[in-house]
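Order of writing sets the chain letters: A, B, C, D, E and F. Residues in each chain are counted from 1.
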Amino acid sequence: MDIVGESIKFMVLGMLVVFTFLYVLVVLMGVQAKIINKFFPEKKQPAAPVSGVTPDISEDESRRIAAIIAAISEFRKN
Amino acid sequence: MDIVGESIKFMVLGMLVVFTFLYVLVVLMGVQAKIINKFFPEKKQPAAPVSGVTPDISEDESRRIAAIIAAISEFRKN
Amino acid sequence: MDIVGESIKFMVLGMLVVFTFLYVLVVLMGVQAKIINKFFPEKKQPAAPVSGVTPDISEDESRRIAAIIAAISEFRKN
Amino acid sequence: MKIKHLFFSILIAFAASVSSLQASGGTPAEQPQKDAYVEKSMNELASSFYNTTGLKAFISPKEGVKNGQGEEMTPFAQSWGRLIMFMIIFLLFYLAIAKGFEPLLLLPIAFGGLLANIPIANMTGDHGMLGIIYNMGIANEFFPLLIFMGVGAMTDFGPLLANPKTALLGGAAQFGIFGSLVGAAALSQYTGFVDFSLEQCSAISIIGGADGPTSIFIASKLAPELMGAIAVAAYSYMALVPVIQPPIMKALTTVEERRIVMNTTRKVQKLEKLIFPLLVLVMTLLVLPDAAPLIGAFTFGNFAKESGVVDRLSNEMQNSLINIVTIFLGLGVGSKLASDKFLVMETLGIMIIGLLAFAAGTAAGVLMAKLMNKFSKEPINPLIGAAGVSAVPMAARVVSKVGAEARPGNILLMHAMGPNVAGVIGSAVAAGVMLAIFK
Amino acid sequence: MKIKHLFFSILIAFAASVSSLQASGGTPAEQPQKDAYVEKSMNELASSFYNTTGLKAFISPKEGVKNGQGEEMTPFAQSWGRLIMFMIIFLLFYLAIAKGFEPLLLLPIAFGGLLANIPIANMTGDHGMLGIIYNMGIANEFFPLLIFMGVGAMTDFGPLLANPKTALLGGAAQFGIFGSLVGAAALSQYTGFVDFSLEQCSAISIIGGADGPTSIFIASKLAPELMGAIAVAAYSYMALVPVIQPPIMKALTTVEERRIVMNTTRKVQKLEKLIFPLLVLVMTLLVLPDAAPLIGAFTFGNFAKESGVVDRLSNEMQNSLINIVTIFLGLGVGSKLASDKFLVMETLGIMIIGLLAFAAGTAAGVLMAKLMNKFSKEPINPLIGAAGVSAVPMAARVVSKVGAEARPGNILLMHAMGPNVAGVIGSAVAAGVMLAIFK
Amino acid sequence: MKIKHLFFSILIAFAASVSSLQASGGTPAEQPQKDAYVEKSMNELASSFYNTTGLKAFISPKEGVKNGQGEEMTPFAQSWGRLIMFMIIFLLFYLAIAKGFEPLLLLPIAFGGLLANIPIANMTGDHGMLGIIYNMGIANEFFPLLIFMGVGAMTDFGPLLANPKTALLGGAAQFGIFGSLVGAAALSQYTGFVDFSLEQCSAISIIGGADGPTSIFIASKLAPELMGAIAVAAYSYMALVPVIQPPIMKALTTVEERRIVMNTTRKVQKLEKLIFPLLVLVMTLLVLPDAAPLIGAFTFGNFAKESGVVDRLSNEMQNSLINIVTIFLGLGVGSKLASDKFLVMETLGIMIIGLLAFAAGTAAGVLMAKLMNKFSKEPINPLIGAAGVSAVPMAARVVSKVGAEARPGNILLMHAMGPNVAGVIGSAVAAGVMLAIFK
């Protein structure tokens, strides 16, 4: 089997599907944003915490909890 | 099979068992309370936190922990 | 089978292996400490928290977290 | 009250859709043999790709397409059936998120249902994500018991110990189970609408116990083929407790009764709380060993909590462990919302009986409380009888809310918690009776 | 000291009860065929219900009744046997809760035992809650390894690295294992009391290692039929460390020796702690690969902790994960407290050998420490040898307590932690030797 | 840059070692029959003990020794192969701990590899710790989906919703997948170096998606025999993103382009974020149901988080659950670092194609961004195209760092997060296309 030939066809199909999928998503995101802003606007939302992904924060959390507990246990030692 | 007839018998048996079970439990709770108050009285117990079920509280916990951490991380930012 | 005889042989072999293993470990710990102190010395390390095992502490943690949350929730009640 | 309308219109739409359904054939089929890839032209490739899209599966459903369990699906179940399910699921999302109805369970169940209705993906099959979860802990009833363990660790029997006789209210409310058992049998015997066996009637009637884990446990033992619909009905109606109960409560009581103020409860000692779970378990093993898994898991959680020496473990049961199991239980139960499983006449029967069961349990609890109020020295507000159906702690909150409507400032919550937690034990006992009968 | 009396009187009561037992037959039986329900009169229904009560099962035990594994139970095991087990279990509850003896393990084990002895419910069977747990992680030795991983993540080898030569004390204490191996062999060969094979003797003797997970791991490999009793003995005696060790420690040392003050330990660098688990693992793979699962899990946990870059994971191992596994391990091990498994002569033998093993390990550790004190430049308090049995961290605390009795203010805890953690490694090595021998 | 040298010298050493390897035979063998213990003299005992040491296994490897899967290992794989693996593993430890390269995954994988290469212990076998973990959740693709669920619950689509068109960058970067697919096919067809089938090429090329869970998922479906090497390559290169990407990014952009400042993003409403995961899932089920498990798990996590009503569950997914699964996934994947599995020519091919894939994806993303910048009203910094490979959030951080080098104070992080999270969806779509093709 000419797997190089086949894989090139896959590439064409694949990139097409990926781009189509994401392009439709882009369009729908726009439509959605318009509809929501028009019909369901939020009232005086507090500053949106726009952060990408939070894994590191949760990792820090454990350390900070540990730190808080350490601090507090200094005062609560029995 | 006359399943309605059977199910009525099940109802009689079932309600009888449920009530008997709970009634005996009521009696035993009373007996237990008397025995414990007589022979193992607690000394100056702090106000008993008599709350039903605590799921919501633990859900709040996560939010509050998050809040505490957020607050503290304001001061500990590196 | 003379299982007592066999078990005595096991004892000899076993205690020998255990002691050898731990003795080599003792030697290697010493060598390691020397190499590390010579070639990778730590700079002004804060007081090392040399505690054996921490299960109880983490058990206390939960209680303390609960305590902290209880305290804070007093102020944050909605 | 808009929600009620919404809910019933869905029920009716559902009924209509179901009646247009043909019975799903369904013999377990052999694992599909994977073919080796053969060279394709670009056109063939594109058309073969189109054949794997969901769009194609919706537009041109075919006879002979199989579900995750290898049973054939009707063309209706493949297309319109799935669309109806999506509507039901989006309704559940709306109820869970906007209305706050039992979101912890309704949201994962609904999302599981969404995944289960995706064509081609076969997520409910043995190798699919939902199938793996289902086999891991629902088919063998392990997850419901873990949930029950966690609920036990969260439950405080203090209010019940403070006022033991309210336990009887938790007994009366079990009429919801047995009354609807008779109702289910009658529906089956006297109408051609559905045809339930005695075991199936029993499994369905447990919905009246208002304990999701108990319902799933019993369904798996007595009528596994109905487990999906039973679980969904049980959780849905628990979510609807604030809608279903108040009208019944108000219809059966006078304003004067609803205004009754109850005495403050006595102080309960720690030792009483410690011994109580053991008491319940010992009684169970003497009288009703078939309820032992349920009561055993529940009392283990409670005993661990009240012992005060294994807080690490009891906190775990109440938090991480129950959270993980809730995620999995929800998704696994949701897998039974596949259109071909859910859009059948039996589901409609189960929904009706379930509603009946909740109503009957509520009514029986309230009437029993009225009766006890007659003969008791201390005043008993009949509303607290409604909490006997369990649905902990929502039913107790509903009681408190309805009570406060009648007399602002009258806090019945603690008094309602007694029958509420007794209802959990009562349902488990009723479930045990069913298991014992069919042993 | 009342506890000691209580404990021994239970042992004696146990011995008496056991001697009245007949051997339990036991061939695995076919799954009971579930009969279809047939119509019953109210009387028949009530009487058939009575037949499913635990009361009936206690009052009229029958020949041929089977346990969860399909083996026949003697009438004694069905009635009096269970009552005796309940007494033992309530004693364990008392010790765990009122006396604080290893509650994290003793409480779930005892509750599992309570559930396992409920008649009719068959909770230890393959479809029962305890059976599911057992098959999930105890039969395949997975849970003990996860526990060991968590213990590794909790262990700080700092005290050992600060004073490496105390590792030898953790070696000497393993005489508890090998001495009791000879003892078990002698008991079996020279008396008709019990008849253990060499594999069984080896599995039992690991109790002397004072590590629950190690004991369960080895038992599952060498003598699965004894695993229940071994696990229970191991955990019970670890709980009894504060009762068993002090008299032996005091008998073998003079007051002057117990009053010895040890020098403060040197500061240990982080890099030493990081490399140490790898060092132990590499030595294990070179010398004793059979110990690799135990040592591997343990050092993985420790390495993850000391690396400092995966705190998320090492905290998880130390908290949620070990908590969940502890709950399951306890319940699963408890399933082996079923009367027909536990009330056998072998259990008594195992309890006796286990006690001997702990005593021998303690003695060997103390004597080795005395010897080392003779030849060491720096003073060594012989008490710290007792910590070599592991039972981390309780043995080290006992040492510190006994030391403080002799000289108030003399804190031996850190010095005892060295042999204490070395004892964990020592026991794993000893376990590996056993596995290697029977390969 | 020393790391790069280190890395490539290992690759070269690896290549050298591999070329001296013979193919490992390998037919699954019957379970070794355990022999009964026979009496031994002390000498025999000691010598039989020596035969079970790892030292012996290293010094005198034998033909016919089997790995955990019952396949025969070559003498090279038993001795030098393991030593080479230990070197590679210690390098991974160094990178994870000292250099902070993806320690959460690299450390457990490497430790799993260490355990997998211990002779005699057979930890990768069905009864070994790693084998149990592997069968529990990797063979059936369950763990990758749970990770994906947790990642979904951690992901904030806000930056993407604020600037939707950056999603196209996440599409362009998938050229990393398809370009390397052609590359893999060419390598296989035109050289005698390796011989991959079309399915194998497709599985390998998913490495270019820079999503570990997706790679493992697809490998398990299309080429389970290569899963180990693929997973390792995927995670290793994700760890190497800060090394691989910057040179390519700088080579394809001018300093002026890198200095482009982008406008601040618009405020995104909560409802948009809530609906977005459902939008993605509905599109998936219409167009590409084969991607439903991946997208379904991911969107479930995200929907649970954005719903705001099941914080208990979404916190669980982001913390305890993903931690536990990460530990297990790491150890399980590490089991495929056994010398006989890893030190084969195919691994080298996979490593080379994987590197190519990352480079191609980065380049395609950057070039697409340059193109978009030409035609867009608002300025687009071409660097953010590199974040389209996903590797969330490291690629976005790398973008921000390289951008700040060109213009200090220019924070591109938020702008890079859009293509970054779109890249996750893009890879899942690409993966779904592969599955659909080979259906």
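What we mean here is this: a contact is a pair of C-beta atoms (placed from the backbone, for glycine too) under 8 Å apart; a residue touches a chain by one contact, two chains touch by 3 or more.
Since this is a predicted model, take the numbers as computed values, not measurements.
> Out of B-E, A-D or C-E, which pair touches the same way A-F does, with over half the contact pairs the same?
C-E
> Could you find the chain whose CA centre sits the greatest distance from that of chain F?
Of all chains, B has its centre farthest from that of chain F.
> When the contacting C-beta pairs are counted for A-F and for B-E, which pair yields the higher total?
Pair with more contacting C-beta pairs, A-F versus B-E: A-F.
> Which chain's mean C-alpha position is the greatest distance from chain D's?
Farthest from chain D by mean C-alpha position: C.
> What whole-number Å value describes the gap between the mean CA coordinates of chain C and chain F?
Chain centres of chain C and chain F, defined by C-alpha means, are spaced 33 Å apart.
> Can you give the whole-Å distance between the Cα centres of chain A and chain E?
46
> I'd like to verify one number: the distance from the centre of chain B to the centre of chain D, where each centre is the average of its C-alpha atoms, in whole angstrom.
The separation of the two C-alpha centroids amounts to 19 Å.
> Can you list the residues of chain F that touch 2 or more other chains?
Residues 37, 45, 49, 198, 287-288, 312, 315, 320, 433, 437 of chain F each touch two or more of the other chains.
> Check each residue of chain A and list the ones that touch at least two other chains.
Residues 1-2, 6, 10, 13, 17, 58, 65, 68 of chain A touch two or more partner chains.
> Which residues, counting only chain C, touch chain E once they are in their complex?
Residues 1-4, 6-8, 10-11, 13-15, 17-26, 28-30, 32-33, 36-37, 40-42, 45, 48, 50-56, 58.
> Please name which positions on chain E make contact with chain D in the complex.
34, 37, 45, 48-49, 52-55, 57-58, 93, 96-97, 100, 103-104, 107-108, 111, 114-115, 118-121, 123, 127-129, 132, 320, 323-324, 326-327, 331
> For the complex, which residues does chain E have touching chain C?
Residues in contact with chain C: 151, 154-156, 158-162, 164-165, 167-168, 170-172, 174-175, 177-179, 181-182, 184-186, 188-190, 196-198, 201-202, 265, 267-272, 275-276, 279-280, 283, 287-288, 318-319, 392-393, 396, 413-414, 417, 420-422, 425-426, 429-430, 433-434, 437.
> Any idea which chain C residues touch chain F in the complex?
Result: residues 1-2, 5-6, 9-10, 12-13, 17 of chain C touch chain F.
> Using the touch definition up top, name the residues of chain D that touch chain A in the complex.
That would be residues 37, 39-40, 42, 45-46, 49 of chain D.
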